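Here subunit A shows up in two complexes: once beside subunit B, once beside subunit C.
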Partner chain A sequence: MTDTRKEAPDQPLSGAPLLRKHLLLIVGGAAGLIVTLFVMNTLFDGSLEKMTGTTDWRNILLVNALVGACIFLFVVELRRGAIRVLLTVIVALLLGFLVTFVFNLDAADRFARGEFRVQVVSDAEPTANDDVDLRFNRVRGGDFNKPNVVEPLSEVAWTFAGADGDLVSLLAYAKNRRSEVDLLVELRDDAGTVLAAATSATETQVEEKFDDLVSVKDAVIEGYELPADGVYTLYAKPEEIATGTVLSEALSQSQLAFEALLLGPIERVNRWGVWIQDAITLILLGMSFAIVFRAQQFSLGAEGQLYFGALVSGIIALNSPHVPGVILIPFIILASGTAGFVYGLIPGALKAYLGANELVSTLMLNVVATRFFEMVLNFQLKPPDAGYVASAKFTENAVLPVIVDKTQVTVAVFLLVVVVFLSWLLIRRTPLGYEIRIIGSNLRFANYGGVNSRRTIMLVMAIGGIVAGLAGMHLANGIHRQLILNISFALAFEGVVVALLARLNVLVVPFTGLLYAYLRAGAQFMERDANVSFEVVRMIQAIIILLITAEALVTFFQARQKRADIDETGHTVESLEGADG
Partner chain B sequence: MPIIETRGIHKIYGNGVHANDDINFEVEPGEIHALVGENGAGKSTLMKILYGLEQATSGQVFIRDEEVAIGNPQDAIERGIGMVHQNFMLVDSFTVAQNIILNRETKQGIQIDFQSAVSDTEALSREYGLTVNPNARIEDIPVGMRQRVEILKALYRGAEILILDEPTAVLTPSETQDLFAAIRNLVEGGKTVIFITHKLKEVIEISDRVTVMRDARKIGTVETAQTSERELARMMVGREVFMQVDRPEVTRGASVLQVDDLTYADDSGHQLLKHVSFNVYQNEILGIAGVEGNGQTELAEVLTGLRPPTTGEAFINDEQILGRGPRSVREHQVAHIPEDRLTNGVALTSSIDDNLIIDRYYREPFTRRGLLNIDSIVENGANLIREFNIIAPNGAIPVNALSGGNMQKVVVARELSSSPELLIAAQPTRGVDIGAIEFIHQELVDQRTNGLAILLISADLQEVMKLSDRIMVMYEGEIVGIFPNDESLTEERIGYYMLGAERQPAEEMERYA
Partner chain C sequence: MFENVIDGIFSAVFVAAILRVTTPILLPSLGALISEKAGVLNIGLEGMMLSAAFTGVVVSAYSQDWFGFETGVAIGPWLGLLLGVCVSLLLAFVLALFHLDLKGDLFLSGIALNIFGSSATVAIMYELTGDRGNTSTLASLQMPFIQLPEFFREIPLIGGFFFDVFDNQSMMTWVAFIAVFIVAFVLYRTPFGMHLRAVGENPEAAASVGINVKRIRYFALLISGFFAGLGGIHISMGYLQLFQRDMTNGRGFIALVTPSLGGGTPVGTMIASSIFGFFDALGIRIGSLEIPSQLPQSIPYFATVLALVIYALQRRISQRVSEMRTASGAGFDAAFWGSIQRISILHMLLMMVAVIGVVTSGAILSAPNGFGGADTAVPAGLLIGAASIILFLIGLPFVRDIFSIQRNWKASALVTILSLGIYLTLFLTLFFEPLLALGIALVLSALVWYMIGGRVLMRGD
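Entry: the complex of A and B
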């Protein structure tokens, strides 16, 4: 790895001593191992029997070991930068928590909302009076502060008639356990004077006396003796919510949400599968961008190349129902890669020989590819009787073999390992990779040195296309198992983030892909489990990405820290290194 | 009482580089104070601190015994400090007067009063003997005048202390003399001048006192009258420096490069090279003198395949080399030290090792069976680092961690180690410190003595005269004279040719071509 040290911008000027180098390996290895074990432990609740009882547990272990390996590579490649990335993720998560908290401040609203019932319970004979709203022992109800209603019901004042000396109990309670409304009840005479009031019920009242009560939040005025004959009013409304309640509710909701975000993806094997399958797509896309960006070519063509790869592999899959999978799958892989290659070559050639800006040309070509995909899907591939725009399901022989039961974790995992290795080989161990790196570092220097930069630029964009084409194949033949509209779900552009997070280092891309996919999966489960709206989830994601990307911020704080250290310790270079390490 | 003084200035950059270490620096009013030091010695940093472009990590700055905090150039200007940068900061499409009053416009209503701008400029220009044409556009005036505009601009803003950052780097000898006259005028007018340079000859000529810096520290301040170039060089480098290059007599060999009626016009049709023909022989250094921008850059780039010629041919050992790109030229054993090493000569963020193989990475042993051979790449790096005395812990660090001189050594090491037959060296020592200059000069001469043909392009006339066997002068894309470099050739004489005032008769030129 001697020639590749520049990929780690934090490389100290002095050559790393031997011990330090080994230390790095140990730290990286330990981090990887810990994560592997942690994921396995969480997946199977720490029970070995549960693990060995699961089908394909060996493959799960294998994939998690690969996850550990990604973390190892991340630590070893980025060195101190890895700590920086981790710190940033933590800070971002804290900020995200804060945002979730703020958005959950209305979580306590549910106490002011919901279906309720009121009742005047009495053993006395009802007084004959047809004008009143309530009769003894009859239940009436409604729905307080129903959302999306023009004039929501916020309080009720219903009348009942009673005689002097009648013993009555007034109840106001939630309709059932699902409506959590916290109620207040008052007894008023016909002049409006409050005779009695209550905001809660006792345990005994709930458990024994009144069967209808749901919780202690319901309100009961028990055994009130009416002072005179006449009409009385039962007044009921949701209780005012105390600030403390609001805050503690928001907090506990946010905690719930973050638990879902942080642990959701590894709670069960099927969820874990969602994470891994997304990660495979994202890593392939990230790799595609990392390779192309490495040569300072800002090609965003992965989206289009993905669609082309998916289309080609889909067409082959649909037309070869009888070819054995052992032959068909490698052929599909090859074909989708070729499709991506060709579709990457076009903007590459345009850039190299006509000077067309790759950003513009790839974005345009993306439109062409997605529309072409839709057209072919709509008019050629869609079965005539299909109710929606999608191809027929692929036959079993054309689907990437699943390696973990009940998930869509397929042999694409192994394909990915090969892709990562080959990308590394390409970038760091081939003359072409050298040309790519030098062009990325200084195009004019490359030209001066005699590098055929046009050819290299064209090739690098085409090679990026291969990997993006494979991502399309993975989506079509691994995940959806048919061609559907919008097959990429705009994942392609998230690949940009993955590549940038990895600082275009192809060995770090697997880690950042996993991290990003984890956050995506976590966000899904956060929405599902914790009732956090998807917008909030996206915002948290954005904050995290922003912070991680805004590395300058961290550098800025470090620089300040250094300055402060120098002032205190008397300006020695040693103190600098101490502060840094 | 010093007009400006620093006490205990420390500057540590964010990347940990200690650029100024306890600098106590004093300038007396009315003196010309030279600040010398190698590149990376910290003189620019110190000046940037005085001008508010950088903040000191610790330490104090005093102006007339009053402690001041200079947070930005605006503060500096208000306290009477003006700076003329190496790269001029002028608006090319504005006139001289407009540039001078920029940001300080006197207004009539909402209109800028250009009339008074012109008259102010004229008055100022007369007062200090800095001749400029107030109505000329910057893009139309020569470098020397642009520099005077910069100085006037600083004076217009009320500068009492003028910092000139390597002002002579871009000037011809006669322009340098004009500048020195102007500086003397300024001092007579009560201004104080701080003069940054690494040309010791100029220091001796113009300054009253000299402060020498080395490795972020101040080595000392001496009266110019009581020192010598040699003494100053020793202070700068920290050891004895041999200013003279040992250039043994050799008879030149066969012609290696033959340039035949070469013409080059850029995209907009400007003729930048006009019918250029000459030869470079084995065992000789052919130096090209000329004010920058007279076609030297284009000549080097056409000859190295970076630009296609419009017409004409060039032969290396009788093989036509032009029109097939840089690699083809390099494969004819041509090495090239490019003029601007930061843009062309190195990839800053790539490792030293990677930078040292740009011309050979695709060949054995660096590529074997389609894969890079890391071992031999590292070995190549380590060998060249040792051989060319590049100060770097190992070859894996990026080139941008090196000082300017060491970066240039990386370029020189790569180019000279490619066993070339012709070396095209453009500005090989620009921005390089004395120690490295000495090394590079000696290396060039040694290679020439061993048979290499060298085409040397330099804006530094002294360098050309010191190294060359023959000197060719270019003016506006043409060769205006070719001379053997003997005692009869003087700087002044070449200067006339450089400015286009004289032209060698064709037959005499042919004799020496």
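Entry: the complex of A and C
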């Protein structure tokens, strides 16, 4: 088992100077510390009183310290590979920005769309002419450009009668604060000659003189003296949009969107909670994939295992309202893990003993599990009077205890630490883990070396199932606190990205899980704050996978540091030779 | 109720429905077959189908704006088809580029394309329609349906049935089934097909005789993208006229298995796809019974897993028999071992029915309220479960080892006839009195056993 020491992070590489090892630790530690401090600083606006005034601030600090630790592990484990992961994420984010920009090219459209009104304000007496349809001081035009009209209204014209010497002000303004329409107003006489025109309003007009105005983008002709008795036309329309405006609007909208994406999750404690709770699920799923992929088994069964874990823990939770939580919670954890184990064992056995393609069988079993979950939920667990398909809320004793107030950050954090530690122990420090790695490197070699590859393949898929089952338990008993349809929301496939970004290294999975959950949480706030579709982030995800697997893209980069990264993936010839000896 | 379902299954309408739902599985399956033959299984079929389906809908809807209503309606579907397939080809090209030139992992790049196809279609749909569920606000068009000339109906005996099955099928259905034979021709009768198969079987050997492996694989992936595109177009423009998010619903993944279930041949792939079509159509049919719709909905997926198992077991048995043939040389009794092999396949099929029984009883016991309440469902579930487990256990020895059939053929015969008899009885009680049904079923099962190989075993004894 000599190679296990070789892969351990704290061992200097052969020939590497001692300083470099320490440098790595220092760099990793500094990065972790900086991120922890940065997150705490942003969360509490840099105010120490605000921090100590928040309930559970010690737990927040603890969780953020763990985040820092994840970053430390990431740097120390991947070494220069960390730079590649970061570069990939940055490139994918830039491409995502480009996509957002293209989608926002119609952002300037909102200046042409939006409800608006027109009004003629005057102290003069209205004339007796009833044929014209706009009286002084009467608001008109509220129906222009309803929020979802397809074609923006090009122009409106209203006529009014006025007497010589009347002082009139012509207003065209957005109907409400949501409407951002940019208007132009003209006064025309009977013959259609433009007497006066305006495209904007001043601050004083908006603030003091005219109550109805919404912003300076509204148009006002103030205090115009009518030259003669007669019928005049108030002509108003949204202003033409210049190409420059279109581009700058698209850019500023995209910037707004990316600001929400990149800083949104650490703005407030409740948003931070969304990030952390999502990260816990993702890390568990990523861990499941990392373990299974490590043996070169392309099993995508985590989704089905998650559903089974959630179902089993949900059923236990619903049926034991009087058992104290101290006993119930560990039991639920055990049961959900077992459920995942069993459902992972099936494709594992099919692959190991019958040679059934694990990719196909797991995908099919996922659907079977989902349908089974739906059926039990719909016909057995749903309370008869429930309006939608969901189980009853779990009782307090079956819900994972919350450690940060106003969030759903639960004791699952500690469970996660244990899972990460055990996974590391399994992969790096046990005979089974050794066999998993050997099979992953070279199945033929493993068989030749006397590894019972069938048993190992079956076990590795089942062990991946345990972790995925725990993820289901976390979703059911930690986040939703009841069983709902689509409880996973296709999270499992996101777990694939987490595992890949971590290069199947179980110690790096926590970092990549946090990173990816951060993007996902950011995407929610981006959708809420900037109206950019959540799916853009999934496109970024696809780009990340493509870039991270394309080895040839980085050959030029890797060639220089081949020696340094030689055991980074655990797949290389050298580590095998070490194992042999 | 059951009679309605049974009647429905043996009708022309049902066969027509099978053809209709087979089409979107068959088209990508052909793509998967070709890519698999070249040794580069295209995992990204799902994403390509979604992109093509979405592009087709959008282009056909907007062509009415671009070219005016009249022209738009006339050329819209064709333009949608063209551009949809082009987008699918583009994704296939990206996959080929990343796998063949940039040395990315084929499996993961394929997954990336699936994620991309699923997310990009939704994101663009949201931009265009403000809806992220479906494109019902777009007036998209349909591919034409093909009407048969009336004189087909006049063909004696089969004419009416034939006409009902094939009349008014979508053009894409015809394309799919005709494509099977084109693919077969290309694979087995052209130099390109030969090179393609050579590359898949042994790339080094193919390269050594001067075949450009990379170029062949590029072509294989592009062709699979082409078929995925056609399949996608059929899903959104064949019978529906809209795009829904993730509307391929796993067909791109089912398509990955059908070639291997079909023995790696185009016609076999067609048959395997039709089996899925049958289960799909059956799921829709059974939906009219009062059982949870999730049960029939999961049949095709569960059937795939079982099919994988049967395929693997069957391959192992053939291997063992052929090993024996090599070992024993001229003394090998081909007829005898052929019978054994057939009987063992029958054993496997019966075991699979037993597994389905266990799963069904599991479903009934987990949600008895869905099956008419706990009072009737729980005993029924327990009964089905116990019977299935017993039938499974008594069949197990014969599946594990084919020599046990030879050693103990009387027990094997008993197990086969008993299991088959019970399943047939369940079916026949729809038409006959229970006791009569049991009698007929046992006679039929014995006959089946005798026909497929029993007579040889009896003679050998």
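Operating definition for what follows: the second predicted complex is superposed on the first by the 415 of 581 C-alpha atoms of A that agree within 3 Å, B and C clash if a C-alpha of one lies under 4 Å from a C-alpha of the other, contacts with A are read in each partner's own complex, and residues count from 1 in each chain.
Throughout what follows, contacts are C-beta pairs under 8 Å (C-beta built on N, C-alpha and C of every residue); 3 or more make two chains touch, one makes a residue touch a chain.
All of these numbers come straight from a predicted model, not from anything done at the bench.
J.: Counting only touches as set out at the top, which of subunit B and subunit C does A:Leu365 meet: first, second, both, neither?
T.: So A:Leu365 only meets subunit C here.
J.: State whether A:Arg429 touches subunit B only (first), subunit C only (second), both chains, or neither.
T.: first
J.: Figure out whether A:Asn176 sits in contact with subunit B (first) or subunit C (second), or with both, or with neither.
T.: A:Asn176 sits against neither subunit B nor subunit C.
J.: Now for A:Gly355: first (subunit B), second (subunit C), both, or neither, which partner does it touch?
T.: The second partner, subunit C, only.
J.: Between subunit B (first) and subunit C (second), which does A:Phe493 come into contact with in this model arrangement: first, second, both, or neither?
T.: It touches subunit C, and subunit B stays clear.
J.: Pick one for A:Phe445: touches subunit B only (first), subunit C only (second), both, or neither.
T.: In the superposition, A:Phe445 touches subunit B alone.
J.: In the overlay, answer first, second, both or neither for which of subunit B and subunit C A:Leu546 touches.
T.: second
J.: Once bound in the complex, which stretches of subunit B touch subunit A?
T.: Residues in contact with subunit A: 10, 12, 14, 16, 18, 57-58, 304-306, 325-330, 336, 338, 343-351, 353-354, 357-359, 361-362, 367, 370-372, 374, 377-378, 393-398, 401.
J.: Using the touch definition up top, name the residues of subunit A that touch subunit C in the complex.
T.: Per the touch definition, subunit A meets subunit C at residues 99, 103, 106, 148, 298, 350, 354-357, 359-361, 363-365, 367-368, 371-372, 374-376, 378-380, 493, 496, 500, 533, 535-536, 538-539, 541-543, 545-546, 549-553.
J.: Which of the residues in subunit A end up touching subunit B in this complex?
T.: It comes out as residues 2-6, 11, 13-15, 425, 428-431, 433-434, 437-438, 441-442, 444-452, 555, 558-559, 562-563, 566-567, 571, 573, 576-577, 580.
J.: Taking the touch rule as given, give the residues of subunit C at its contact with subunit A in the complex, in rising order.
T.: Of all residues in subunit C, those touching subunit A are 43, 94, 98, 101-105, 107-109, 111-113, 115-116, 118-120, 122-123, 126-127, 130, 132, 250, 253, 256-257, 260, 292, 294-295, 297-298, 301-302, 304-305, 308-309, 311-313, 315-316, 363, 366-370.
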